[in-house]
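The next part holds the structures, each set out as structure tokens.
Both of the next two complexes hold chain A, though its partner changes from chain B to chain C.
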Partner chain A sequence: MLTTVERVQTAAEKALSDYFAGTDIADSARGAEVRRAAMVRFQEQGLPHRRIEEWKYTDLRTAMREAPALPETGDALAAGDLSAYAAGYRAVFVNGRLDTAASELPEAAGVTVTSLAEALEADAGLAERLDGAMEGADSPVRDLNTAFADQGMVIAIADGATLDRPLQIIHRFVGEAPASVFLRHALRVGDNATATVAEVFEGPDGLAYHVNTAARIDVGTQANVTYLRLQADGTQAFNLATLEADIGAGAELTLIAASFGAALSRVQASVKFSGEHAILKHGGLKMLRGKQHADLTMFVDHAVPNCVSEELEKTVLDDAARGVFQGKIVVRPDAQKTDGRMMTQALLLSEGAEADNKPELEIYADDVQCGHGATSGQIDETLLFYLRSRGIPESQARSLLIQAFAGEVVDEIEDEALRGIVAGHAARWLGVELDV
Partner chain B sequence: MLEIKNLHAKVAEEDTEILKGLDLTVSAGEVHAIMGPNGSGKSTLSNVLAGKEDYEVTDGEVLYKGEDLLELEPDERAAAGVFMAFQYPVEIPGVATMTFLKAALNAQRKARDEDELSTPEFMRLVKEASTKLNVSQEMLRRPLNVGFSGGEKKRNEIMQMALLQPSLCILDETDSGLDIDALRIVADGVNQLRGGDRGIVVITHYQRLLDYIVPDVVHVMSRGRIVRSGGKELALELEKSGYAAYSEEDKAA
Partner chain C sequence: MPAVQETIEQVRSIDVDKYKYGFTTEIETEKPEKGLSEDIIRYISARKEEPEWMLEWRLDAYKRWLTMTEPGWAKVEYPKIDFQDIYYYAAPKGQDAPKSLDEVDPELLLTYEKLGIPLKEQEVLAGVQGARVAVDAVFDSVSVVTTFKDELAKHGIIFCSISEAMRDHPDLVKKYLGSVVPVTDNYYATLNSAVFSDGSFVYIPKGVRCPMELSTYFRINEMDTGQFERTLIIADEGSYVSYLEGCTAPMRDTNQLHAAVVELIALDDAEIKYSTVQNWYPGDKDGKGGIYNFVTKRGDCRGKNSKISWTQVETGSAITWKYPSCILRGDNSRGEFYSIAISNGRQQIDSGTKMVHLGKNTSSRIISKGIAAGHSDNTYRGLVSAHAKAANARNFTQCDSLLIGHKCGAHTVPYIEAKTATAVFEHEATTSKISDDQMFYCLSRGLGEEEAVALIVNGFVRDVIQHLPMEFMVETQKLIGISLEGSVG
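Moving on to the complex of A and B:
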């Protein structure tokens, strides 16, 4: 049925429509039709709001009052100091544009890193993988990404190849004028191949820039992939992300999402098992204060038998911060011997903080092991007292316990340099020196 | 070293007094044993001395080296040299044992205006203390007390005591849950800390531990007070006759 009432566009929705109308998409790498269709879907739905179940706790329509303009096309901006990052491979995007001078891309055999445009030309299957949304990943936010994102990194690891060092995709926002940045990345890891990729986000505090990224990850048979997301954006930023992953038989994917920054952030992740005996490990960490809001919404699709998924989400909230975790595991009728576990724990450091945990299991197979748990609480006074009784002052004892709480997720990061960077953010959040 | 005068205490927000006028004096270099039946107030005494916030002192005073102990925060008490070996040491997942030991040692040193220890110096001290208490490298690598057996936890407590070198040691039911081998190791660890100016208070229900840590003075606690004090032979007497006499005596009084 057609709606008879014209939906009233919000200022942000109207601005986004206007930006799109002002963009020349004729020669677009993604294809003008794909982009236009995505914009139409966005315009029909508008920004998601609390009456849509999956957005109940993150009312984007209300929160996103404005949409800053697209970045100026002019001289490229300098990335600045990157010494805080691990040595090794990096693709540096400054305000949405690849800074080739600051980047150091791998040139190993079997490893191909190209721009989205180049990759779409070289790989006919890529467009198809990027266009259709996986179940649990579709949203107006993803549509916006499809409509606007014409750039990004495409990483392909050939069968049997190994990316010898982690590749960091650094999204840095610089300058004093806010802008809306859209990027689309893809990672394809071949059979028996290994790779670690880290997406990092950062920018100045107090500047309301918006970042919308989407990434598609394909993990080949028996492949081993770690995908880390470190969101340390400025205090007024919006960071909206879509992650889609498909895991092949016998493969292992470790997803880590750590969120420290942004006024509002949301990661919508969808992971599908398409081959048996595969493993997904997800570790999520949020450390928030002030009025920060961070949402991780995850959909795990056990489409085939004999796969294991483990999710551990840890949230530390101070002041009036709000953390949202929505995790849904679907076990399809054929997916016998599924082992699916989900645990979400929130540590509330103040009266005004709020943690919303929504674990969901939908099980259609009868021979499975699935479980979920959710806890919210304060720092354990018994543990605090024990530490103090050994001479550790209260504030230091609190920090130790918070670090310990967060550490369970941080320790899942195998690469030492990347683990150190995330641990460093956690320590900075606590205002303590890292005792290495 | 420690002077407790007319101490009255209760669980905060409850009416019933648990300690009802307890007096105890421990001089430097002495080992005192406090024995008593369940419910006599032994745990409350140790919790009050450690500074647990769930307890409220309603009357009396506790002087440590002549200063008011009750005025100090738990961490200040530790830095001043008071150590409590807990009956139930907690497990703290995510806090590495070594990180914890270093934080504790350096926090105490800092509070006493001493320099922080260098890592090699710290490692040397830990090795010394852990060898004495049969605490393995593997245990030290684990998060604090996580997956430790009851005996391992108690050994870890005494190892911390050996490392921190306190002036006043309070052992709260350290023998509970220990088999005979662990009991011997723990007792040896405590005996090595005896002497000098150090005061040790051993709180226990059973006489068994006192075969290994021979006290200078034995106190019997009943209904929140010390009702009798004597030499080490008092412990043996209690072993034979039990606590019934004291409960009755106290009731009659």
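Moving on to the complex of A and C:
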């Protein structure tokens, strides 16, 4: 006996539907049809909840009680101090709008940085590429992004070109009124090209603003790309992200996601190998306290032979924080000689903390080397004893051990300035002075 | 290692028909009409002369089952089961309550003889000297004979079919039945609660170490029947029991459903060791026929310092859906899970365990070895969780998968949930194939390809095999060879 229950819209779902109805998308550059279709999909499914396997540990329907309105379209707000990001190029978004005055965009040959609206007008194929979700990336959260996002950066690096300094896309939330911000970025790196791009998220503590971003990364043959995501949002913020990456033959992608802020954050990443002999290195770091909840869900698709993927996820949890890692490596029938390794480690500093790990392997090719490991526990007492026996006070010894634990991910960031920024966040989290 | 030699010989001796238990027994059977209804449940209950409360229990389960939907999360695919096209009860005629072995139909005795199961007490399992095993033989829906009952009774041990237990020990059954796997636990457990026919009941009194291995041998014989057995094992304070379970079925073109529920309860300082060699008919090489093995097995370490250990060898069944679990409720309790799952042909296995840490200082260990060959899919799915009050919980998990051939799949889906900082969890998983070096080495020593594979695989699963009781060790090593027959070349 099957009883179909009419789904009741939650307050947040209803609000989002209303905002969409209120937006004027007729003259928008992106296909109105695609956006409406995405909204219909969202309305059918609603916010994801724990009965959906991929959202088992992050029940968005329960957590997202309300959805703040879209940002005001009045005068632009000031970005504030950006000196920490002086070393690289900057694309600064204040409450979801590009602040051209505060930005410093690269103008080198072979490097094109345009706003989403301009890029869509210039490149007819872009809309399609952005709207079709890769396997493992599709979700109602992405649908919301497709429906709402009309701002973002489109970065194209020509074949053989090099982005001489890292480009930092800085998302800053300012002011006292919460809002829902939606952004869509795209990075296309040509054959034999090199680029480092960082997404940074910041905002005031105590303000319940929402950020929903989606980024699409295309890595060309033999290209070398580092993509960093530093989430240091305010303590009451929601940060939901979709990351999609396609790696060409012989290319190397380093993907780093560090999460320190937000009441609730989730990164849903999907990476596909579309050419042989490519390498994916993923480093994830979460440092959370209070009642923070951070989720990293990753899908690695070994669709072709001879590729290597390495994932390392480190989670430090204090108070009643909750860290979630779900990683899935799929090795397709033809993807022989795949080398896939996934490691997730959680360090629980308090009784009330919770770490949920779900590393998955789905393997259809026989000549592969795949493995995953997962550990969770508190600080190793023997290590602590060793340090204390050398005269280091307990609190200092603890923070040293945590720094070392987190450092394994931080050290994967090649660019010195960016590494310093992330290390600074880790140090501030621990409450220690950093001498770099 | 002589056992390895035996595997090799076994592989060599088999030419065409690799499932040697596929015969049928010609015996007159009584069965009510196909399909599931309240009437069938009343019929089963009446046939078994059950007390009124038991019938109520079944009917309640049936009503709840009607409101449930089939689970679809497991990584297995099969056509929808028509629950109205199954016989829910089948009993060999006149075998309802044989008093002694002499009353049992000789045809049945012959069946068990062919299967190598000793039903005469002076006999022992083939090949193992001096080991005595008490057997409860279940044929379709009824238990036909239970051996060594008198000797076990001297120690106060109750070992009988669950139907008998309901008549003779209703208090124990009433107290423990459904206390580990609640009626509404899951779709198939609820179905089982409504229509379960027979199974074994074991009660080990305080401080008693069971003097012999207890075992149940399940045999499905009739066509289109489902087997819904129910096993309940209670180890009272300070007791110990080792229990073995074996199963086979004839070769048929249609799929048959086997939905069992096994409940284990270990009180203070008690230990239960439960071993299974599951060798239901796996279907032919094209995936036609075979048993759907949808089983709920759960042990409750209810008392302090109790221990439950599951060891399973899964080689049969078209589809396996089974997660023998441990609820570590008592402080200092321990759960273990050792598994070998071999899939070949078109078999699909989705199996693993759950270790739920509730008490303080609880520990668990999971060793799982999955081997996939042919066109099969082999999934390990497991949960390790520590609740907020489970201080100092420890788990070690190792799951290794071996792929033989490139048309099969091996998957690992672990869930690791730590809700307390003092819990220490370690999980490790690898997937690989038999390396060319290993093969080359064996071939250069004059072994044939299949011999080499059997040798390497036996090495791969050794960690688990050593946890099997002696009686099963030899059989398992043979079985591994047979299961992988035809997987190379």
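Here is the rule we use: the second predicted complex is superposed on the first by the 429 of 436 C-alpha atoms of A that agree within 3 Å, B and C clash if a C-alpha of one lies under 4 Å from a C-alpha of the other, contacts with A are read in each partner's own complex, and residues count from 1 in each chain.
Convention: contacts are C-beta pairs under 8 Å (C-beta built on N, C-alpha and C of every residue); 3 or more make two chains touch, one makes a residue touch a chain.
Not measured: the values here are computed from a predicted model.
When both complexes are superposed on chain A, chain B and chain C end up sitting side by side without clashing.
By the touch criterion stated above, A:408 is placed in contact with chain B alone, chain C being left untouched. By the touch criterion defined above, A:138 lies against neither chain B nor chain C after alignment on the C-alpha atoms of chain A. Applying the stated contact rule after C-alpha superposition, one finds that A:396 touches chain B and leaves chain C untouched. Contacts of A:361 after superposition on the shared chain: chain C is touched, whereas chain B is not.
Within the superposed three-chain model, A:349 lies in touch with chain C and out of touch with chain B [touch as defined at top]. Looking at the superposition, the partner that touches the larger set of chain A residues, chain B or chain C, turns out to be C.
In the superposition on chain A, A:386 makes contact with chain B only, while chain C stays out of contact range. Closest contact between chain B and chain C, by C-alpha atoms in the overlaid model: 15 Å.
According to the touch criterion, chain A has no shared surface contacted by chain B in one complex and chain C in the other.
For chain A in complex with chain C, the touching residues are 1-2, 53, 333, 336, 346, 348-378.
Chain A meets chain B in the complex at residues 381-383, 385-394, 396-397, 400-401, 403-405, 407-408, 435. Listing the residues of chain C that touch chain A in their complex gives 66-67, 69, 73, 388, 401, 403-433.
Across the complex, chain B meets chain A through its residues 50-53, 73-75, 77-79, 84, 86, 89-90, 92-95, 99-100, 102-105, 107-108, 111, 143, 160, 164.
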